[in-house]
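Order of writing sets the labels: A, B, C and D. Residues in every chain begin at 1.
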Amino acid sequence: MSPARHVVGRSVARSDALGHVTGRTVFTTDRAFPGLLHLKVVRSPVHHARIRGVDLSEAERVPGFVRALTHADVPHNVYTILGLIGVEPEEEFVLAVDRVRYKGEPIVAIVAESEQAALDAVARVKLDLLELPAVFDVEEALKPGAPIVTHWGNNTFMYEGHPCRRVRFGDVEAAFAQADHIVEGRYDTKPIEHAPTETTAAIAVPEANGRFTVYTNTQALYFSLDNTSIILQVPGNQLHFVGGTVGGGFGGKVDVIVEPLATLAAMKTNRPVKYAFSRQEEMQVSSTRSAWRIYMKDGVMADGRLIARKVTSYADSGAYSRQTPYALTKHAANAAGPYAIPNVSIDAYCVFTNRQPTSAMRGFGITMASFALEVQMDKIAEVVGLDPWAVRFINAYHNGDMKPHRKLVEDATLIETMQAAARLVGHELPDAFRTMTSDPRPDRGA
Amino acid sequence: MKVSGSATLAAPPEAVFAAICDPGALLEVIPGCQEIHQVSADEYRGRIAIRLPAVVGTYDTVVRLVNAEAPTSGELEGHLVGRVGTIGGRAVFHLRGEDGGTVVDYSGTGVVGGPLARLDSRFLEGFARSLVNEGLARLGRRLQPAAAERVAVR
Amino acid sequence: MSVREYLMPRSVPEAVGLLERHGPELLVMAGGTVAMPLINEGISLPERVMSLRHAGMDRVERRGDVLAIGAAATLSRLLAQDAVPLLSEAARHTASWSIRNMGTVGGNLFTPPPGGDVAVALLALDARVRLAGPRGERDLPLADFFTGFMTTVLASDELLVEITVPTAARETAFIKYGRKHANTPAVVTVAMALERRGGRVGVARLALGAAGPHPIRATNAEAALTGAILDATTIGRAAQAAAAECQPFTDGIATEWYRRRMVGVFVRRALESL
Amino acid sequence: MASTIVTFQLGEREVEVMVKPMTTLQAVLRYQLGQTAVKEGCRQGGCGSCTVLVDGEPMMSCLLPIEEVAGRHVDTLQTALPADAADPLQQAFIAEGAFQCGYCTPGMLLVARALLDRDPHPTRDAIIDALAGNVCRCTGYTPIVAAVEAAARARGDRDERGR
């Protein structure tokens, strides 16, 4: 290896550092185009309503108004984010048809000569809405008689015919009967907005060769291209997506919300079109991390061994799926934690409510499980009267263990990580834990 | 949008009820009311100027008194249309005499449309409650000028 | 309709005249820290906007035994003055450097809770406000200025032009408790000004922010202090009274329950700091 | 609707712009004068990414109608600090890794510059107070504060050498 490649242990300036400290880094909306049009969206002012009418007549008279886009203008009017990874059903409309399911859901897009003209026209669109009862709590949404958010008749995502993602391993009820202690907990978390400093934005530019160049700050360039291609029903080779520096994403810029409409507007007007979220849109309309409610019940022996764990989790997907059904699958695979528990039962529900849709954010599905299960570990330590470190070493999984969702543990590092952490914080570990390794357990040899 | 509250006015229920049905009185007691006229037995049209901090506008207003049970209760149905949005709603009020005065209990719900709907609902509800309370305080002063300080608004 | 006209009157009478001419649809703006965000978002859609920055109302000066603060004086100017230390302290804990360079003292009186920290300090200092309109001027105590949440006694054709504060020295304390170190809405704000005579509290002023529909005086707590010796018992009684009489609310910053308890805690700490 | 003409000083040069009434300084700088170092994080005065210096004082350009800067001196990152990043402040930001996405960096640098111009050796608390109006979602602020401290030290060293 050449000396120039030796970077481990050294500070290396980022490749984009010079641009950042001189203001020369080009972000999506820093680009200027002659004749640029601005797109703004008319959004639902209520959480749940039937759309009885949309009156554009006054908006059309605003000086600078160019055109409006409604659901009828969108060739394939459904987001296909999950479809791209083979998950059905597709249910979120690009522009609402006859119903809105969350406050802020897009109904009409307005394209105008200036941003102010677009805002003025948006203010003049008259909506005739019949407000419907709304539901905002995951368990309320599952009760009989709750307002139904989805088009398929209940408020959960269906996993192969089941209303939840399930894991069954051993026999939890039998194990609870044998356990010395039962430790239970309920854990609630709130939605979290990624709040990137740069808001979500795209500029679509028609080119002379009939293609469209789309400048976007998406975190998932080809995801965005594929989605746009399907929604607009144009071959992917007509779209040239240009990404680059993203002004903060954290998972919040993978949802493909602005590119399809910006590109459609550019196609309809044959002019460059910019669709950038305002800060309010970024906070209230872009996806957040889901709110979660997690119930855990653990069966524990007096020596600290966890022999059973039952988890019932509800993730609030908001009004639409986006990537949250996938979060529940990840959650179900991780809710037992990095611990070897012989009996596990997990029911993980992806629940629809009339809240802002939720989606990806840094370890979504797993971080909330970790929060709940690590608090459980501390509670267990308290109940059995052991050091919290001890409870974790005693239950830590080893290579060769079988995880509840039937994957063999292959690269366990929990024990070694805890040993390193103990050294860093100056915590003395007993010899048994200090010398423990993640190697396969001798009693579980081939 | 939901607003409810209660106020005590220093006048008997009959006088309070009559004032609520009197356009002249309403012009004086609705904060920001620029004009109001009666178009039928139970319908009023007018113009109200609202100055929220930084959000200004005048609203063409239609108010109907429905289910009136003088002098104990009534229901107001209203619609305001302005440049920065629309507000449509209903409010129920109950009057009961107490120590020569009147206790007014009110509760209303409204649907806000247009740009105004993008304001935090806490601001709109708080502001609406302020306006109703101020209006009732003014009504109290109008009905019983000498006892203005007895008006207690909760 | 986009903004047609941005008016920049050069004097108070000119500003009053413009307001009278254009009526209640004229958006009056001082530092722009409240109005501009709403205009940028397309929530406020004014046709005409009047700036108060050039109308000769931006000075902070001593006038006899009062500090006269122009309604359009920036919060940075308030921070820089030293005639009334409590006001510098309040300004220091309001917003951020850039916003203090723009936001005004007058504008702060129109900022709804949990904003409006300077107004809380002004209330504790027995400030008065001067209003100008086509019928002339009037001067009233700040305590009588607020009528409700985002409502004041200001008539639709009047402008707030000046705030005056006595410069007489009092024992003062200001605590803003927020979720962040700086630039944050208040969980609660406490401002107080006391005078002690012969070991007993003579005059007590205790104002609270984010504890009512507008900055409020905790008059029961003031009564508990007046005439008493400022010992642990008195302090406890005043803190309890303030917590009982305040009218806090729930928002994204804190719950009503939490705010009420924090009023008690911070009134106690403010009194203990004297 | 009549346009309005405003003249002001941008860095070293005098500029004249013709825009609709009440266009923000931010929009004028970004879309007419090529000052894209002025960012657009919130347009509510809440993030500080659009910070400019007006007569040396930091302000949020998203909250300033263009009419308000007539005859005044405006600096952006592009006019206030060198394009080759030779300023110790820029060097300190690079050395400390005081950014990830970079969107807040122009605002942070301008506030830091205004602070160091007033107070060449600020305390850590003074630095935190000065930067409190500027939001960063990536770094957790620690390296930014460290960079300003380092820049102040570097400046001090230079002052020493100059004597």
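One rule holds for everything that comes next: a contact is a pair of C-beta atoms (placed from the backbone, for glycine too) under 8 Å apart; a residue touches a chain by one contact, two chains touch by 3 or more.
Please read these numbers as outputs of a predicted model, since none were measured by experiment.
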Of A-D and A-C, whichever chain pair has more C-beta contact pairs: A-D
Chain of greatest Cα-centre distance to chain C: A
Length of the line joining the C-alpha centres of chain A and chain D, rounded to whole Å: 34
Euclidean distance of C-alpha centroids - chain A vs chain C, Å: 42
Distance between the centres, which are taken as Cα means, of chain D and chain B, whole angstrom: 48
Between chain C and chain B, distance of the C-alpha-averaged centres to the nearest whole Å: 28
Touching two or more other chains - residues of chain C: 1-2, 39-42, 45
Residues of chain A engaged with two or more neighbouring chains: 114, 116, 122-123, 278-280
Interface hub residues of chain B, defined as touching at least two other chains: 83-84, 115, 118
Pairs of chains in contact (touch as defined earlier), listed by label: A-B, A-C, A-D, B-C, C-D
Chain A partner contacts - residues on chain D that touch it in the complex: 20, 30-31, 35-37, 39-44, 46-47, 49, 76-78, 81-85, 90, 93-95, 97, 99, 101-106, 109, 135-138
Chain D residues touching chain C - in the complex, by the definition given at the top: 1-2, 4, 20-22, 24, 42-46, 48, 51, 54, 57-60, 62-65, 67-68, 111, 114, 128-130, 132-134
Complex contacts: residues of chain A adjacent to chain C: 40, 114, 116-117, 119-120, 122-123, 278-280
Chain A contact footprint on chain C (complex, rising order): 1-2, 40-42, 45
Touching residues (chain side chain C, partner chain B) in the complex: 1, 23-27, 29, 34-35, 38-39, 41-46, 110-112, 147-151, 156, 213, 249, 251
